[in-house]
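Paired with chain B in one complex and with chain C in the other, chain A is shared by the two complexes that follow.
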Partner chain A sequence: MSQSDPADVFRVEAQELLDQIEQSLLDLENRPGDADLVAQVFRAMHTLKGSGAMFGFEALAAFAHTCESAFDRVRKGEVRATPELVSAVLGTLDHLRALVQGEEDGTGTALLAAVDAAMTGAGGVGCAKSSSEARWTIRFRLSRDSLVNGTRPLPLLDELRELGICEVTALTDEIPPLDSVNPTECYLGWEINLLTSQPKSAIEEVFLFVSDEAALTIEPHSEKIENEKTEKATTATPAEKATETKSGPSGAIRVPAERLDELMNRVGELVIAQSRLKQISATLSDANLHSVAEEIERLASELRDSMMSVRMVPISQLFGRFRRLVHDLARETGKTIDFETSGETTELDKTVIERLADPLIHLIRNAADHGLETPEVRRASGKNETGRVMLSARQAGAEVIISVSDDGRGIDLSRVRAKAEKNGLITAGATLSDSETLQLIFQPGFSTTEQVTNLSGRGVGMDVVKRTIEGLRGTVDISSKPGQGSEVDLRIPLTLAIIDGLLVRVGQGRFVIPLSSVEECVELTTEQDLRSKGRSFLTLRDQLVPFIRLRELFASRSGPDQYQKIVVVSTGTDRVGLVVDQILGDHQTVIKPLSRFHAGIETFSGATILGDGGVALILDIPHLVAAGQQEEERLRAAI
Partner chain B sequence: MQDNSDIAWDNDHVRVLTFDLSGETFALEANLVCEILDLLPETAVPGATPLAASVINFRGSVIPVADLRLAFGLAAKGMSLDSRFIVIELDCEGETVFVGLKADKVFEVTTLTRAAAEGPPRIGTRWRQDFIRCIAKRNGDFIVVPNLHRIFATCGQSTGLAGPQH
Partner chain C sequence: MSAILIVDDSASIRQTVKISLSGLGHVVTEAKDGSEGLSKAKTARFDLVITDLNMPVMDGLSMIKAMRTLPTYAGVPIVFLTTESDAGIKSQAKSAGATGWITKPFDAEQLCRIATKVLAK
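Then we have the complex of A and B:
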């Protein structure tokens, strides 16, 4: 971490600040009078300006300064945060993002003019490069013994930064050779290039208490000094850099994701080694070994939990980005769109969240562009003119369900069908159920829009969405009601690496059932066993639960155990019983992927290594439950 | 997948590992071989293609085990003291895949010469020609060099579960 480029650290920080500004601005659109939001924007712009200048992003700092000044005046009540102003500042964010990446897209001047115009419209005088603003060059040098007297130069520099954009250069010419340095003496001087709207007196005030012991010159800036400065602009002292980079949120550090992955792998190995230890200690009846094994089991499980929580981030991170998207979509399509989100606190693995961004962007675009009608059409069909796009997340068992829905026209099945016939995906006149027709949307090269709009309709969408989600071991469901809207549900497994599992035996094979989907275990009584030849249901607290005999599903050759058990599993909505020969106990399961040779088998989501070095397969509960339901339907039909 | 139907001859020689499958001698390029494992407990994968019907634990990863006998229609034999898993590294569509191959006995690492190698015979064998890269004559016997990529090309898909039997 210590060797990384400081500019990269800044880029990450700037990205976060810009996201934060964007959110606050969007909120401000809805609540124009909110002083807290104005202050948030101001503070974030201020930080951006400060760190930008520190890391040599001069253009960025200057730009942020203008926006900051605008919000400073809003904060002071001089101008109102009109929608025009908010919109104009929002417009500058992309330019700022480009500047953070070191690209100049040449739109800066126009954008600033727009902010300026909006300011004027909002009851104030434009501020960009207003006449009251001036550049000052300040040189100051403290006396040698000033540190001993308790004078601290850094707060002075900070105070100057408060005044405007500040570029600080250390004057190191008076530092003596190392062996004659007295560590209590101050050899440094500073030259500060300050752009401020404050008068000279304000600058002098900063130095009020040190004026006796400092050599200070404050003079209007001249171009000559500017040229000199660019040559040594990057020579801020290391000490200053250190203080500045600390100014992130307190107590949080950034760690590269690969390190977390590495740590996660180690934890995985530890968990496997621990279960071997547990097995050995179970066979040797040594009380000491036993207590150590238990201790290690507890530690490993705690370590695993904290490791998981380190990787989990709230999904609000992702949802935040989409508000801007919807804002832009509304403008481009001329629709008014109400964007609602819920369940922002739902947590998911960070790598999963990152991979969800693109599919969700696509789904939201589809909802806004294809799904929602124009205001005129909506009015004609008796709907509220404002269309709604809803994005929600919730946890159900070991899955997170993210759904994108709209209250638009729904998916026109006949059009989907016509398109599929035209593209040769189905033969003309083929019989398809509604849900089968909907599935066609996920075929590569499918798109229903006649014209290719700027937003969607290039036909590269839904198949990519489906593939990405399946890559995360998730599933995509789509449903639609004509005239009432459509909904896409993404079901994503919560964790990628380690789960708690229930280890069971079926015939010779051992299998892991994810513990999060296990509801209860009951015995399969002989009576049920016999009766279920005709129907595979058991009655559980007055509810019929279908069950699957894993022995039959897995074609085990050996005879069944005398007392078989039923593990009742659930996917959140449906329950199914799984008949197994023996329940072996709980098992911390490190998920290992199955190779491509076995990737096509949906019944298993992966494999794990057991304490004895053997391999157990992990059951994919949603697929098993789906299989159970088909079985149930088949049986019902047979009756 | 690179086309491995050509053997990478080095000065008309190639180092191979020879092994026995139901009485026939097979050979693999030695540089494909990672490790030769003694017998390990296999875990059957219900619903998998019979060619790769189980998995084993290889240094903490779960890798598939393939039985080449099924590709060549040879009689399956139970495990014996001489049985081994030959773990090889295959390049499948840019992805490195480890596969354990069952062998009834592993013989030796030896050198095949180009002069002694022939393409698959057009007649006189029930074996699929595209599964064979070449047949080499040595000491009056034949050594079969299988085309693993072609053989495993069919392994991606599931053959479906056995299904409930009533």
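Then we have the complex of A and C:
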């Protein structure tokens, strides 16, 4: 593995810091008095400035410095964190992000002016004026017997903290080896960096009783000391620094996503090689080979599971971004919006999470822009003026269900219909059920708003949402109640690369059914087969389940097996049976995408390589279930 | 609430200390010289000892030294009462094991502030 460039590490770190600042700022908007949040913003800005300067991002460092000093004044209580100030600082974040990427768009000065203006309005007097605060560097050591004599250092430090903002460093250099430590003696010294508006005498007062015995110095904090420290820090080799920044307190390691993808690919190949080994060993009666093959199978499957868990990240990192989005939307539309999220800890494959961002942005925009009414309309219809947009995630089996809902006006079916007729998607007067009408929204080029606003209509429609989700082998459900709001549910498989599959044979071909959607396997008796001729229904525990004969679907020429099986698959609510000739067993399936030429084939979602080198196609269950349900509806209508 | 021992041969000083510190909720025990102070300190545990220096029978410095030899008085703050004119006495008292001092004359507020400071947990 190559050594990462510290500057790259910094970029990642800076993004995280900026995200953190953003979250804190947004929280601050709701809780303007929260000193912890102010301190968080300040600290993150401070870190950004420090590391930025170290890695040569001078423009960034200078900019962050100004933001930091601005927030420092909020921290000291000189300036209030008004919504205007928070917005102004939020505005600078995008600029900082650009600077992290090394882009300078020249808006910096204007942004800082905005921060300054917001601060003046918030009770401040601009950035330029300095306060009477001073920084002091205090060093003290107590005499060895001071603990016995009743002097306690902690209350001293507490007193200093009451004077202002303290950074306390313990000087541990005089601690002797453990066997010569006398627990009643005081070996520690302290260095305190104190920012206070109190005079020096107040600091001296703290050390009233210890000033003569303690080695005490109280000096104005000088930049020189600061510089020395920075120099000391920069003498560390880049490798050391990289390790430092990479390993957080939890011992986590930051790895570029591409390396994980690479590793995942290797694991995929290993799984394929393993199933070849298994197949070969099955044909040979060598006990040693059998045991090795089994061992490798176990290892490969464990490796696959750990690999998968490495790629899982909590969805919270995606959710975080949307708070900013909703904040901006609320400002642009003049609506007040409550944004609620739940299930942030739900984990999903990293690649999946990244691809979900755009569809979710679109859905949230839709909810806030189209879904929610203006405060006036809401009040008139007896609703709370503040609209709600909810984003939730939860795991259900091998899927994660993400839903975006709002308590707005809901989708106007008649408008959808009228629009579809106008666009020629349906013929006038066609009978459509409500759910079918809703499905029209997913048609390409469909939009219910006549006017393309700044917020929506940026070329991403519901059709793109649907396509993206289906690209992730997921499904989209939409439901709406007039006047009460609408909800869009996205069901996404947990991971993309490797799935557990059920290998089946239909005619001469072999196919894979994702195991997560398999409910049960039953035998199709000859009797049932004959009885169901032309009806394709199966009675399963008093429920009618439509089934699809894959032989017919794939136009198999050979005759059917005597004992055909039905694999019952489901997509949550709907079930359908798939008639196959033989069930071969379970198979770890490494999904390989179909070529672009074949991408339009809806029945299959991909392909996989089998142990003997053959190829099996992976069935697209949502599509097959939908086809089965349509068939059922058609037959019901015919009856 | 802390247990405080005031050792002074002047009843009025003891009175002043007692009234001021009782006001903070502390329980103040009196002793009229170092000897009495030491024997009271041996029978009860105090959180803070305030002592005069010049007293009959046993002076403050001797009492502080003796107290510091008691294992139960390691770490207990001992504050001595001194006048501005006692040049050099501070360092003597401190090397005897005193924690701090209060300069006479003192007012109640000053006393309370110092008691709170050395009693801080």
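Structural remarks
The rule we apply is simple: the second predicted complex is superposed on the first by the 333 of 639 C-alpha atoms of A that agree within 3 Å, B and C clash if a C-alpha of one lies under 4 Å from a C-alpha of the other, contacts with A are read in each partner's own complex, and residues count from 1 in each chain.
Quick note on the criterion: a contact is a pair of C-beta atoms (placed from the backbone, for glycine too) under 8 Å apart; a residue touches a chain by one contact, two chains touch by 3 or more.
Model, not experiment: these values are computed from the prediction.
Number of chain A residues touched is higher for B, counting chain B against chain C. Of the two partner chains placed by superposition, only chain C is touched by A:Thr151; chain B is not.
Residue contacts after overlaying the shared chain place A:Glu159 against chain C, while chain B stays out of touching range. Within the superposed three-chain model, A:Phe604 lies in touch with chain B and out of touch with chain C [touch as defined at top]. Look at A:Glu344: by the touch rule set out above, it reaches neither chain B nor chain C.
By the document's definition of touching, neither partner reaches A:Asp34: not chain B, not chain C. Applying the stated contact rule after C-alpha superposition, one finds that A:Glu58 touches neither chain B nor chain C. Contacts of A:Glu16 after superposition on the shared chain: neither chain B nor chain C is touched. In the superposition on chain A, A:Thr184 contacts chain C only, with no contact to chain B.
By the touch criterion defined above, A:Gln508 lies against chain B but remains apart from chain C after alignment on the C-alpha atoms of chain A. On the side of chain A, the complex with chain C involves touching residues 145, 147-152, 154-155, 158-159, 184, 208-209, 212-213. Those residues of chain B that touch chain A in the shared complex are 40-41, 43-49, 52, 55-57, 60-64, 66, 92, 95, 97-99, 152, 155-158, 161-165.
Partner chain A is touched in their complex by these residues of chain C: 68, 74-78, 90-91, 94, 97-101, 117-118, 120-121.
Looking at the complex, you find that chain A touches chain B at residues 269, 272, 508-510, 548-549, 552-555, 592-604, 606-609, 612-617, 631.
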